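One chain, chain A, appears in both complexes that follow, with chain B as partner in the first and chain C in the second.
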Partner chain A sequence: MEQAKKTAPTLRNALRREFQQDQVAQFAIILLLLLTVAIFVGALFVPKTAYTDVNIMNQYLPPMTDGHIFGTDNGGKDIFSLLVVAARNSLTIAFFVTVLILALGTIGGLVTGYFGGVFDLVFMRFIDFMTILPVMMIIIVLVTVIPHYNMWSLIIIMTLLGWFNTVRLIRARTLVEVNRDYVRASKTSGTSNLKIIFREIFPNLSSLIIVEATLMFAGNIGLETSLSFLGFGLPANTPSLGTLINYATDPETMTGKPWVWIPAAVMILLYTVLIMMIGQALRRVADQRQSLG
Partner chain B sequence: MWKTILRRLLIMIPQLFIVSVLVFFLAKLMPGDPFSGKFGPNTDPAQIAALRKAAGLDDPWTVQYARWIGNAVHGNFGDSFQLKQPVARVIGARLGNTVWLSLLALIGTYVTAITMALVAARRENSRTDHALVVYNSLIYSLPAYLFYLFGIFIFGYTLGWFPTSGTVSADANGFFPVLGSRLYHMILPALIVALISTTSTFSYLRSGILDESKQDYVKLARAKGVPENRIFSRHVLRNAFLPIASTMGYAITGIFGGMIIAETIFSFPGIGSLFVQSVLTRDYPVVTTLVLFNGVLAVLGGLFSDIIMSAVDPRIRIS
Partner chain C sequence: MSELLRVENVKVHYPIRSGFFNRVTDYVYAADGVSFSIEAGKTYGLIGESGSGKSTIGKAIVGLEPITSGHIYFQGVDMTDAKNRAHVNYNKDVQMIFQDSMSSLNPRKTVFDIIAEPLRNFSGLKEDGLAQEVRHLLDIVGLPAETMYQFPFQFSGGQRQRIGIARAVATKPKLIVADEPVSALDLSVQAQVLNYMKRIQKDYGIAFLFISHDLGVVRHMTENLAIMHAGRLVEIGSRDDIFNHAQHLYTKRLLAAIPEIDVPNRAKNRAHRKAIEQEFQDQKSAYYDADGRAFPLVAVSETHQVALPESMLEGEGF
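Take a look at the complex of A and B:
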């Protein structure tokens, strides 16, 4: 009895087992949580003046001078405060975009995959078409032409142009599930379609969705910081890790004052690598044939 | 075969239509018209209105669209606000640079990815294999601009091995020195783009080889006494290359689109950096044309992929 309970193939058990087997992933998840909490709590203590007020006298101070741990930028602003706020902004955007894309993609994929038919055919033609479009260019154009542009506009633009692959993935997996016996049995016994989709098929896709979510989160940090790096991401008065790295486009700053841009670059590197390490363990949860347990 | 290509060409027509309509509405969203900036503050607004009417800017959007697409087909995309030149000429002047850079990067990508996949698949689960798999997932997850920045920081500025901007140095004269200088300017960006774009080719080819090696026809060939190398090159590789052939069209358009960031960081005067500059200076005719150009290119890339696929894999043609 005890044994059966232990090996029950619930998502929670599978997660616990894979992380217990993988010390790298354990380390990564602890470090990631600590770092994220530090950033979000730390950002609360950074006054807005720290990244809006310009003080020419303190321009380009090297690290460890006058209490500026990472030095200052061209406006005399403290790089460390900027870094904390920028990281919070970039993480917030990546989080919301990921959640919204998952919601759209999962519902879209489940519904089209489950019902099929003409709607599925037309919808997938549309998705196929959208995936080939030059998304980066369209985002850049939209960002520059939209009136009253702010952080939420960016989130919505990134979501609307980013959910096509998720829909495809979820639909493909739904098509497999629809032909399984449990779904047929439910249909025969008269369970409502909505209940089959969300209470029966959806839980079977949950591990896949978690894997997708982690990788997409890393990807969205990359996309948002790329846009901000080019100057088409967050509005000017809202720092992003990309805007900090953008200082490096000036050759003199890149080589002579590396403390301005390297911390932000390292932050992105660190986040992406940690998320990848966790993703490895999660992928084994989703595909139990690769399990280490 | 021809039937498949013909059907695929027919699908392309509505695709091109939708792309052009999308770009048209993006262009309509952009502020300004061909008369912006041509008049001083003292010009009579009624006169501008009359000019606008004469230019057809008050027509219904269907008429405007028809006229716009008619001009575009004839290569007339209007004049650049900034450079006061026809857009086609502005883009044409830089297109060559991007084509050469992309071509170099694409060749580099395939050479590296195929080599890595062959090495990895030959020794499945070895240390080399694991290292290559980890490398390819790392470059896939990390944002590309970090590689460009660190590349130019280390190899361009710190070590001074490569030039950090432009396409050709001013003191190069004669055919071969210019050619050499051009290649020298393209090596670093092309190499970095190539080294970080290998993921999809690598993983398709690696898993393709591993899957095919376990098929019955390989066992049969082995049982008949065909040498291992011959089994590998004649049987396994041929089939494992199929999925790569099909992604080639998308790879071309993908690498073209990826040049936006690479060209900006390397100050390389191609159409990617032109796009960024034009958006920053609000030069909308150029922006619109570049989006249209890349959209059409993407549609053509998809067409190209499907044609290659049906040429190399007869099974596709039946369905």
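Take a look at the complex of A and C:
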């Protein structure tokens, strides 16, 4: 019994073990946390004028001149301040989109997988239809036609067009769980369907959802920055990592003034790679057969 | 004794879909017109080979399997309709013990939460009362109270099955359906778990429907037996009726298949088994109708019913 207690495969223990075994993931999670805290705290100290006011006299200053660590852009705006605020905006959008998609996708997948029947059939055909739509194009169209467009509209649009694959994933696992006897035992114990779905089945999907969340977070950073890069992401007065990289579309800036766009590119690369490293460890938590420990 | 539960002509058919339009082309007759009744406080064994529909009947009784046709009456009230079941808290009185103790306990819940689940739904006890009741239930199945806040995977198979029993007994039901409760356990642990069940059955006067393919286990546990084959009952009787006066061909074959450790007579036993098997193959057509279904049950004595064809009844002078 004591032996069993020590190696209890609870989620917390599995997480701790996988990160202890994997130095890379350990390093990644520490760096990611430090970076994120630095961005969000740092952004509080950046005045709004730093990324809205244009100062032509300071145009394209190279790095380390006049106190501009990364130099300035074509409007004389400090790249470092822009980078911090842009990273905060991009991360905030990716975070909210991920949370909302997971909420919608998990509820949808659990309910349709649990009840099955005609509802499942119709709902999944609807999901099939939605997954084949070219999401990027629809987002671009919606962004251009929506009045009073701001960060929140972008979050809602990205969420509503992005939750279909999560439904499919969660539904697949729910179908497995529903056929296990503990669900039947709960039914004979008189527990209501909703309670069975959210108190019995949902906790058993938690590891899957955590893995899905990390990978989706990286994906959503990518989606938002590519939209902003194309000019359909955040509104013009709100910096995003994508708008910073967009400077590189000008051949002159691309080759001659790399300090304008390289920091943002490195930031995206860093975030995606770090999240993937953590995702590796989390995937082993979700599927213990791949465990290192 | 009063009749507790009556199963009347219950049929459970699963459609087989095939073809281009996925139409229903045929049915699997998991249970095909099964009728029997259970009296309060008595033990019943339902025996049959794999796929004979015994588990289907068990699940239909507790309400986990939708019934195609037929009725299940509990204390005279029709429980076939799910609304009726919810209305009278049917599952407070009829509980189930599952075969696979690992999958029947939610791995993310503590033993306390697992056993308290039916109590929360049916008894209206508050947290203090729940803890006390769970401690009492654990004591009944011989587990120490400290195990209350542990998780299912920290227990051995036998201990887990005892947790399952504690959960089934929690609401003080009148009938427990035990679906092969020990078939996944070690032989040495089987006896232990069975004895706990037997003691609980006696102490609380619970009726037991014991579903198994193991005749030895059923003989130990129950005084009434029903033999099932291919979705239909072929013989119902007391322990003595079945083990000593088996009438149906299939029952005889099933009894012959019980393994015996009897080294000196090994050759003789094997010859006997072979002879019974030969007899089964030869006379199969006489005991089953043209579609391979067993005949309706006919009473041959007060306790004993057999699915015999009419011709054979005359022949044997009943």
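Criterion: the second predicted complex is superposed on the first by the 291 of 293 C-alpha atoms of A that agree within 3 Å, B and C clash if a C-alpha of one lies under 4 Å from a C-alpha of the other, contacts with A are read in each partner's own complex, and residues count from 1 in each chain.
Keep this in mind: contacts are C-beta pairs under 8 Å (C-beta built on N, C-alpha and C of every residue); 3 or more make two chains touch, one makes a residue touch a chain.
Given the structure is predicted, the values throughout are model-derived calculations rather than measurements.
Once both complexes are superposed on chain A, the partners chain B and chain C fit side by side without clashing.
Which of chain B and chain C touches more residues of chain A is settled by the count: it is B. Within the superposed three-chain model, A:V260 lies out of touch with both chain B and chain C [touch as defined at top]. Look at A:F229: by the touch rule set out above, it reaches chain B but stays clear of chain C. With both structures placed on the common chain, the touch criterion links A:I101 to neither chain B nor chain C. Legend: residue contacts after superposition of the two complexes on their common chain; A:R180 is shown touching chain C, with no touch to chain B.
Touch criterion met: A:S189 reaches chain C, while chain B stays clear of it. Touch criterion met: A:N204 reaches chain C, while chain B stays clear of it.
For the pair chain B and chain C, the least inter-chain C-alpha distance in the overlaid model is 6 Å. Put simply, chain C touches chain A in their complex at residues 59, 62-64, 89, 91-92, 94-96, 98-100, 103-109, 117-118, 121-122, 150-151, 153-154, 164, 167. Chain A makes touch with chain B in their complex at residues 129, 132-134, 136-138, 140-142, 144-146, 215, 218-219, 221-223, 225-226, 229-232, 245, 248-249, 251, 254-255, 258, 261, 265, 268-269, 272-273, 275-276. Contact residues on chain B toward chain A in their complex (touch as defined above): 15, 18-19, 22, 26, 29-31, 137-138, 141-146, 149-150, 152-153, 157-158, 164, 250, 253, 257, 260-261, 264-265, 275-276, 279-280, 282, 287, 290-291, 294-295, 298-299, 301-302. Partner chain C is touched in their complex by these residues of chain A: 1, 4-5, 8-10, 180-182, 184-191, 200, 203-204, 206.
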